[in-house]
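Please see the structure below; I have some questions.
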Amino acid sequence: MIPMALLVVSLTWGLIRIAPGNFYSTERKLPAAVEATIRAKYGLDDPWYKQYATMMSNVVRGDFGDSLKYQGQTVNEIIWRHLPYSATIGILAYLFALIVGLGAGTYAALKQNSILDFGPMSLAMFGLSIPNFVLAPVLVMIFAFWLYALPPARWGGFSSLILPVITLGAIYAAYIARLTRAGMLEVLRSDFIRTARAKGLNDRTVLLRHAFRGGILPVISFTGPALAALLAGTVVVEKVYALPGLGDIFIKAVLNRDEPLVLGIVAFLSILIMAFNLIVDISYGFLDPRIRYE
Amino acid sequence: MNENGHNILSVDGLRTQFATEDGVVKAVDGVSFELRKGETLGIVGESGSGKSVTSLSIMRLIQEPPGKIAGGKITFDGTDLLSLPMNDVRKLRGKRIAMIFQDPMTSLNPFLKISTQLTEVTRLHLGHNAQQARDHAIKMLKLVGISDAEERMDGYPHELSGGMRQRVMIAMALSCDPELLIADEPTTALDVTIQAQILELIKELKDRMGTSVILITHDLGVVAGMTDRVIVMYAGKVFEIAPTAELFKRPANPYTRGLLRSVPDPEHERGVPLYQIPGQPPDVANLPPGCSFAPRCERAEDICRSEFPPFVEIDPGHHSLCHFAQEVFKEA
Amino acid sequence: MIKALLRGYRIALTALIAVGLLSSCSTSADSRYFGKTEPPAENILRYISGPEPEILDPQISDGQPEARIYMALFEGLVEYGPKDQQPIPALAKRWEISSKVDEFVFHLRDDAKWSDGKPITARDFVYSYRRGFDPKTISRTAQLGFFVKYSEAFKSGGVFVKKGDSYLLEKDFGATEHERAPQLGPETEHNKFMRSASRLVLDGDEKKRAKALAADPKLAEAVNGAELVPVKAEDIGVEAIDDRSVRITLRQSAPFFLGLLAHQFFRLVPEHVVEKHGKNWTRPQNIVTNGAFKVKEHRPYDALILEKDPNYWDAANVGLDGIHFYPIEELSTIMNLYKAGSIDAMLNHVVPSSWIGEIRQYKDEYLDFPEIALAYYSMNTQKAPFNDIKVRKAFIAGLDREALSSFRKITQPLYAISPTGTFPDYDKARDRVSEELRKEQGVAPEEWAKKGRFDRELAHKLLGEAGFPVVKKGDGWECPTFPTDTISITYNTNENNRAVAEFIQAQWKQNLGITVPLKTMEFKAFLPYMKGLEYSGFSQFLWSGDYMDPYSFLSLMYGPSNEGATGYYDPKFDKMLDEANSELDPIKRYDTLARAEFYLLDQAPVVPLTVNATNWLKKPYLKGMYPNPGTLIPWKFVYIERDPAKWDRDVSNIMTTPDARVDKHLADLVSSNSK
């Protein structure tokens, strides 16, 4: 996992260096001597392989240095300070998606082809088609202004999390609902479900003990790529709801050409995504005994 | 009917239908029979004859929709199963009436351990705690001939062979010592040698535990060795019912006769084509008026095509659904 | 269980909708105001300051959002006046200015203290300015202070040339020595040095120096065998005469310099903290400030919480107990927060164009005043065909700027190179000079009024003369010979910029038959492309004035490597500007500047576009906060009025409506200057 992350960091470093512009340029002209001082301080006039080597030797030790734009703050400090915000929203959003999606999907599967199936599933289709940057203002309009129930933005207490979590999780709830419904229908048709019923087990036990594990397998496979996409989704949600999360900071860092911060976040995110995928693989084996690595 | 004790099961005019794109399919259309305590009853028929649907109807395992039990009465030990609330039906399932299915590969849950699937029955119906259920399950596994029962308990179905899996299913079904066991094509998916073993097992357990058995199959050979009486079904109806020996020796229905003739005889002459019942199995959604078998019957006459045949009593215990039942009987 | 959950969802949803319908019937939002309008329970201002500040060190950052925060935390000799941004006394209670505006002596207050209680002395000023000009500090705003003698040399790492006991002087190598006004304040060694003839300064970098010497043999000769002495901090023109007096010596006359001293660069930094903590001195646990407020808590990207500083010398008059700065950039989010009553005011340029129609009606809250900021398209005069003045003038004439401003809704058309509407005296000077020029050139008034305005016929004529005739095509025009494949309108990626570019492109297509391609790039990539004159055709250029003087804009084109991004350089223009700055009579000075501006306009290096409007909202209970031309608010004047009868009504009059409290506060401060 670590070598992969280092590779990603190297590629990112290359891309930042190739992109025109640098972190210290602004609309005002910088006196030549000052520019020289900056370049000397950061070793910007050294040959590229020397700069690369310096960067890598620090990165391997987990030292990303200071942010170039927010002078005096280290990259690690910035990441750990803002990660909890993104993580909270992301995890809550996915939990929301799981609860709503699994629930709605299971229910729709049980009531297949009735109005209670078509209703939620059409809503899901609708939910899939709405991008989160459209959903957000609509939710704000309804809940912050028509109903005066929730704050329109900013981090502060539980009520301020509700709209961002829904905005971020809605599309995944829709996906999961559809996947669950399909998975459940598939499983509920199985012979072993018939056997379970023939043993006198009630619907609830049949559903939860016998059908569930098989039915949610498609959702588990979905979780890997979904969590990666969720990370991207946090950017928009953080921007619109003014939450101090890592996603928004990452975008700003790129636009600011704040190389250490970009590299730090990229390294962190790649390890995170790889860890997610690993967990998903493991849980797959946990759920389906047929594919365990004996 | 009441020769050796009372009837454990009585099916009277059962009608089960399915709503399909092509219309209403009457999968079971007026089936009646009785099962005596301790008896083994065979139900024979081709695919689509309604034999499986009959057994599922008894267990109330018909999916509603698209299926529906449209009429009739099923009495089990004095209780009317069709009017029973589902909660009570579930109390019977697995405890007093048990069922084993055709394909053990798909009938066991691949995600759960063998132990879970076995113990849940006794924990539910007999109130066992975890240890009791486990002990009982191991006992049952040994009973069905799985010697390394302890190790097998914590394994998964995919680790077992087809025959072993079916043994597990039998163990599962008999865990609570049910009064009635319905075995729906229990050996069809197994190798021939294993088939014999399983059938032997069922016979042995049935004798030991005094279980009444309904054995459903399309294979007359299976029926011959296992059953006391046989029902022949076609197009959702009972076409003939008789004690096994008599059915084989002296069938009273052209369809039964056709079935018997279709069984390959080792001494069959070489070069002469094997007998098949002419025609195609019936389209149960669009049955012809009159006798459902008429289109394929060599003995069919005009009356067969226009009038529904009577259920003729040849002997007590031997009935046939045919206009010419007596004649066929005499021809045997 | 799941069924129960879903049933629960349905009940909840129905209940929510029911509540909503009920509550919307009895809405509490007053339709006179935009959204919830209730003063906050505490005496604290909640303000959207813009992007997260890059650092809390006032001498480092050049951003306006940072500037507003610095104004709450740090103070300098003078402060911006709340209404007009003209300098008012701050740490300096009074001052003397030399007759040629080339030297200042400031007398400091006795009671000024840092937030940790340490007294502020003249030494602090000397330290701060030396530190600001130090190249190691990497200040991005230091160049504003280059009028201070030898400050540019120090920051650029320059060297003096010492031969024997004496130094080489500038005037011996072609420069004109500035004739100084009589001495101001007591004589000191340092002041003698300052008043002596300016020393020659060479580049500190060896290679560059060698190049300069190679180009000038006389210079090379003189330098040969001389000692090179680096310019040090002690050489710059700031001096502590005593504990309470600061003297600043400029290298030339700079009439606007006093106003410039309110800029964040000239605010004080605490020596004892900077020296002790280095780059970490601005962390909340270390930082020490001297402004009306001090840092209570800093949660980056979430909030910067300030509280009133009891050690501040004017604490008794500070209206607020604290300020919360929220760093939010998304415009609709800011508007939503304002509407929900979660914030009280915001920075400038926030209301999105699509909302303006609706927001304008809130006359008690919406502030629409001119700013000292403008937009123009610079033209690369070094690349054909824009090296031809006729082509440049044609494009200027081919653009209807009135239409552009109607389209933008929040701007006014611009026909000059400095903003109109923010310098009343300069506007008058421009009118005067315009009339004089007209008479000199003997042009009829109607003809003169059309100068620089939208004039399609003139545009066609000029293009024709330049060799690119415009011919009629159907209902419109076309100019087939014009090389549109080599030029473009370049702008940095941004919703507003794009809208403007598309509008202008359509204008030129419609009026001239020329479709100029558009080119967009991200900000950091755009900067070198524009400033390095790599672009061809037009580049968007936005500029805000650093200080309240038209020179802040005209200086863009001053000097051979100026910031105007056009490649334009004219020594004649430079001379006109120098002349203006040595003029001590402000009226005459403005006239001279106006002449220089008109001269520049005649050279047509840019297509002037628009002057920005302030475009922000504040709650009517917030007083002492004015839409001055830079939206730079001196926070100590702000207070929350809890009596609705006294709330702001119709803010278009806000600058002239008297406010007893603010007016008295100002009067007290200003009167101290005469004592």
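Should a chain be cited, it is by its letter among A, B and C, assigned in written order, with residues numbered from 1 in that chain.
In this section, contacts are C-beta pairs under 8 Å (C-beta built on N, C-alpha and C of every residue); 3 or more make two chains touch, one makes a residue touch a chain.
None of these values were measured; they are calculated from a predicted model.
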Category of the chain touch graph - line, ring, star, complete, other: line
A-B against A-C, pair bridged by the larger set of C-beta contacts: A-C
Taking each chain's C-alpha mean as its centre, the one farthest from chain B: C
Euclidean distance of C-alpha centroids - chain B vs chain C, Å: 92
Centre distance in Å when chain A and chain B are each reduced to the mean of their C-alpha atoms: 54
Interchain centroid distance [CA atoms averaged], chain A/chain C, Å: 40
In the complex with chain A, residue positions of chain C that touch it: 1-3, 5-6, 9, 16, 19-20, 23-24, 27-28, 51-52, 54-55, 57, 60, 62, 135-136, 138-143, 152, 155-158, 204-205, 208, 279-280, 282-283, 299-302, 326, 328-330, 332-333, 336-337, 339-340, 342, 522-529, 531, 542-543, 561, 563
Residues on chain A engaged by chain C in the complex (per definition of touch): 19-23, 25-34, 36-38, 66, 69-73, 78, 81-82, 103-104, 106-107, 137, 140, 142, 144-149, 151-155, 204, 207-208, 239-242, 244, 248-249, 252, 255-257
In the complex with chain B, residue positions of chain A that touch it: 190-192, 194-202, 205, 209-210, 213-214, 287-290
Contacting residues of chain B [partner chain A, same complex]: 59, 61, 87, 90-95, 98-99, 101, 103, 106-112, 116, 120-121, 124-125, 156, 158, 169, 172
